[in-house]
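The structures come next, written out as structure tokens.
Look at the two complexes coming up: chain A is in both, with chain B in one and chain C in the other.
And now, the complex of A and B:
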């Protein structure tokens, strides 16, 4: 490190600049659609269809947003309902994922029991197949359970999708917490559960936050299962519900873009928080303390 | 404070015995060191006393109560861990307060006791810090503080000094000894360092392969090791052991090496040597009981210098005798060269004889 800063600046480092150019192009490629989404959402319906396109709307308007957030018209009612459904499904999934993943990861990390290795890899088995493979079997299963057209079907499904990584990630955290901390707590007068609650849990908070955000985003973005399991409008989640902007006579592009933008807000916010923790979560175990 | 009694304690994992029928009594106020090489079962024994791992067989009594199946929290013990195991998310104050909080003591009592403990250990100025902001020695003190804040029946210490640097280790060694003296506490102390055991403990329990080898005062263990393992483990440098054969010439008894020289034995040592099961005997001698001659000397056996280590006060020489390495201390003024031929004289009254088959010390019954 120190020698790096001391050497005089070289005139031109081809690799460094090549890398920067590449990253810049990549950034433009990923940011452009989002920028276009935002710009379009500020246009009127007429301006959105103009050719050549207006790069910046001549008359920016927030009417698309106010319409979506106004519960007094039917579009707003629908949007807010979808939003609420998505929020409920994602939150419930997240809470359940934490409730299941925390004890499961702790058990995998701390206890030796018959079939431990097998079970641990069985948990990961789900992630070895594309999600679509399970679509029909799960639909049949949900029908048998009478869960079709309920949010329960989605919560259960998303839970099974989010859990493997959540357990894997948290196990890494618990593996890194010295067992002596719990032993010390138990000698200091704590039960095994209290030792977990007061000592281990606070230390694994970054992992719990990372896994819960991961589950939340997964559930929030999911489309194909929501589309298959739910047919009633009042049950639909955002990714499915937003589709309705396409269907009526002409597509309301600015409305669609405004809805998409609002839908991506929680994901972006969560992800900004997540990336702080996920780096810590993934780096955990890479170095010896 | 209380006594600790282990009776026939066993911990096995299938056919592997980590602790094999260990029985010992730690009297009230005694400082006992469990000592042995790594994997000898000393830490497992400590964990069994603490209740951190389930016992396979036997009983453990602390004070008047049998605690064999009790939870660690119900055994009235405190433990200091090798890595200190301070709660990283809590301040020093809260680390010390945790055992009291868990026992639902009122806030004022907690504050009072924590401050008192902090004062004893001279860590009052650190109370608001987090463990990671402390030096190794300070962490060690906090760990001790967390143990003593509650006034437990027994203190258990698992290699508490092994993470410290050499200088600090010597300092903390005397502090822990003082701590034991002041509190008149019952302490069970695990260490792999026999020097720590010898210098600190009232009694030492030498373990190897899950078995308790010898349990006695350091002086006794040093003077009368029960077998070759204890002999070679305790003392620095270790006792030198030379495998030899017993030979008799009429009533005279001597030890013979493969090279052919013979070491005549005193009548008492002769009786010991003859009590061996076979002809194989192991001769043991501490460095300070040996005398080095540069020329042939009556009763001295030949050897060849291997290395010479001057330490200032005294010079340690390693000498090959009958293919065994023997440690000898000599005056620093004595000049020795590697591969030099020397003669070693044994002090008959201070040498040890062990049975070559059973490795047990031989006695002149």
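And now, the complex of A and C:
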């Protein structure tokens, strides 16, 4: 008995290969700017202006990073201060957004009260207009409140457009947590608050984390309000602070790229660590229980 | 800057007391002002590189003492100030001089508290506008040369002239003083004035068969040189920039327009009235035609010229891919700074680039040799728009006196400009600058060819939007040269009539 083992001939799958090529191009398109940013940050000012460009610097240097991270020089002092300011504003915005959005979203999800639908869409109304429309009115308001040149002005402003999104996201999440779980807890003697705290909150953790990330990234990258409300260097956040690499007739490209890379690190790390929760939170909305 | 707090008083403000106190201070200082005012520092009619060299280092100034006679050195007060200081991309010496100024001011006026914010060039105007709307502006602001007109016209600025801080108007360029004058009243003092020069790569010129030491003498030569360089070497000849809504574009295109006898309005005439629109004159059309010839016909300028600012020209120039361009003095200083910081193989290349850099006068045209008269002016804001609603007049004067002095107007414009106070040209520091910054010779000698943009609140719109739009319309072929010029003329007329 012959034991011929014939390898099944695999036909060329054009769709599969086409998809792979497309994804590879997409990957290059996505990764190239980041890679170029990193490579430029390792160059000297002169090398960054070479054409054709040096794909890898002939004299790579970390001096742009050491300059930014060295608190003994003025550039380092300013950069670290901007970094800390951004971290403080983004974290405070995120915490406040979650503290307010969690009960608000729960209320919109579970309670039936007059004007519920109207109020829910009214909350979203703020996000239907371009941010620039509110710029001068908010500036005047902050001025009246004595908040110009303070981080309070930014935190308050970021909440006005971060909260609606947070409430909207979390409401979708609560809608998908079966109410029977809470009812069971109530039958077992839990108060409504206990049922919320011990049953709903743990189940909604992915949603809260996803909301926090959106809120944090929004505040971390925000430029136009920070640009308008802050003129003092000791208050500036990173997106505004890195403007110092541009001057009237020249740009410090390697310094700018190093600062931008450093600026992107917390967001990328944050996202990578918590991406599982984001995916889960987004997927929750797609299934009806 | 007379009685600056008395113009728009607020109910309940402690204005009367201040006016009384300032009146006493003013009465005490007026005789000093007249005795300390400088005589005309420089004979502008003799202006030439040799004359500038001959006067440099011939006079010494005691800045703290001079300003002390305007505002006593023991005066106690507070001043807030916004300006564009040195940032990361600026050469180290600019940082050093800026630091030295604030140390000198502290030494001269130890009891004046300063609240200083250095804001980048591109942000300053926007931030200042917003701050004015929210009554959160600083007491003193330094703006680009035509930035102040808009605010003077809207009533945000206090009258201010050189005599208010102990100097004579004759010690400043007439063109610079014109740029701070609105409806016959002066609203600022020039801090620095500069013109650009022409820079080229001698090696590229030689490789293209041109005389490496001889720049194009006329704008027609620029077109011919650019074509020859492109045809022989395949690289860009002239660094045309035509980006919309960018100040770099008119700063490089208007000199050519004026050289051919054109203009946006009649700003190039001896006594401009800004009443006649000349953007569709024959001169302007000729200049526009040369841009079209280089971009469309010869393809001898960067393809990306439509979206390029001058910053995008620097890299190809340094890399030997662009032969010539109009350059700001600061750009030359920046290239030297970059070369000095390069290491290893880069260092060799950088030194070669510097070695091949040449600089000369901006080419002339059939009508004249022209360049944009640039610079900055210092202004005082009306108290009601200032944070806290008050302006400390004496502290403000002390700061402005120091900043616009021959000494500091020279030192603070070390690499990028020239002293606003003409006395600065006589200082030892001017001599040092002339000895160390080669390009300076050229840019200082271009000063008499400087033409200020129209002193109108609409000037930024005309120069930064309408002129680049005209260029874009012609270069992209959306319109013919005639159509683009006529379209621009209609827009300017509509703008002047309040219709845009």
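The rule is simple: the second predicted complex is superposed on the first by the 253 of 289 C-alpha atoms of A that agree within 3 Å, B and C clash if a C-alpha of one lies under 4 Å from a C-alpha of the other, contacts with A are read in each partner's own complex, and residues count from 1 in each chain.
We adopt the following convention: a residue touches a chain if its C-beta (ideal position, glycine included) is under 8 Å from a C-beta of that chain, and two chains touch if they have at least 3 such contacts.
Source: prediction; values computed, not measured.
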Chain B and chain C placed together on chain A: clash or fit? fit
Request  = Identify the partner contact of A:143: answer first if only chain B is touched, second if only chain C is, both if each is, neither if none is.
outcome  = second
In this superposition, the partner of chain A with more touched residues, chain B or chain C, is C
Requested in this report: Would you check which partner chain A:189 touches, where first means chain B only, second means chain C only, and both and neither mean what they say?
Outcome: first
- With the two complexes superposed on chain A, say which partner A:75 touches: chain B (first), chain C (second), both, or neither. second
Once the shared chain is lined up, is A:222 touching chain B (first), chain C (second), both, or neither of them?
neither
| Does the superposition put A:61 against chain B (first), chain C (second), both, or neither? | second
Superposed, chain B and chain C have a smallest C-alpha gap in Å of 52
In their shared complex, chain B is touched by residues of chain A numbered 178, 180-181, 183-191, 194, 198-199, 202-203
Note: in the complex, chain A contacts chain C through residues 44-52, 58-59, 61, 75, 135-136, 139-140, 142-143, 148-149, 227-228, 231-233, 243-252, 255-256
Per the touch rule, the chain B residues reaching chain A in their complex are 50, 52, 71-73, 75, 77-79, 81-83, 85, 87-89, 98-99, 102-103, 146, 150, 156
The residues of chain C that touch chain A in their complex are 82, 84, 86-90, 117-123, 126-127, 130-131, 133-136, 310-311, 314-316, 318-319, 321, 328, 330-331, 334, 337-339, 341-346, 349-350, 416
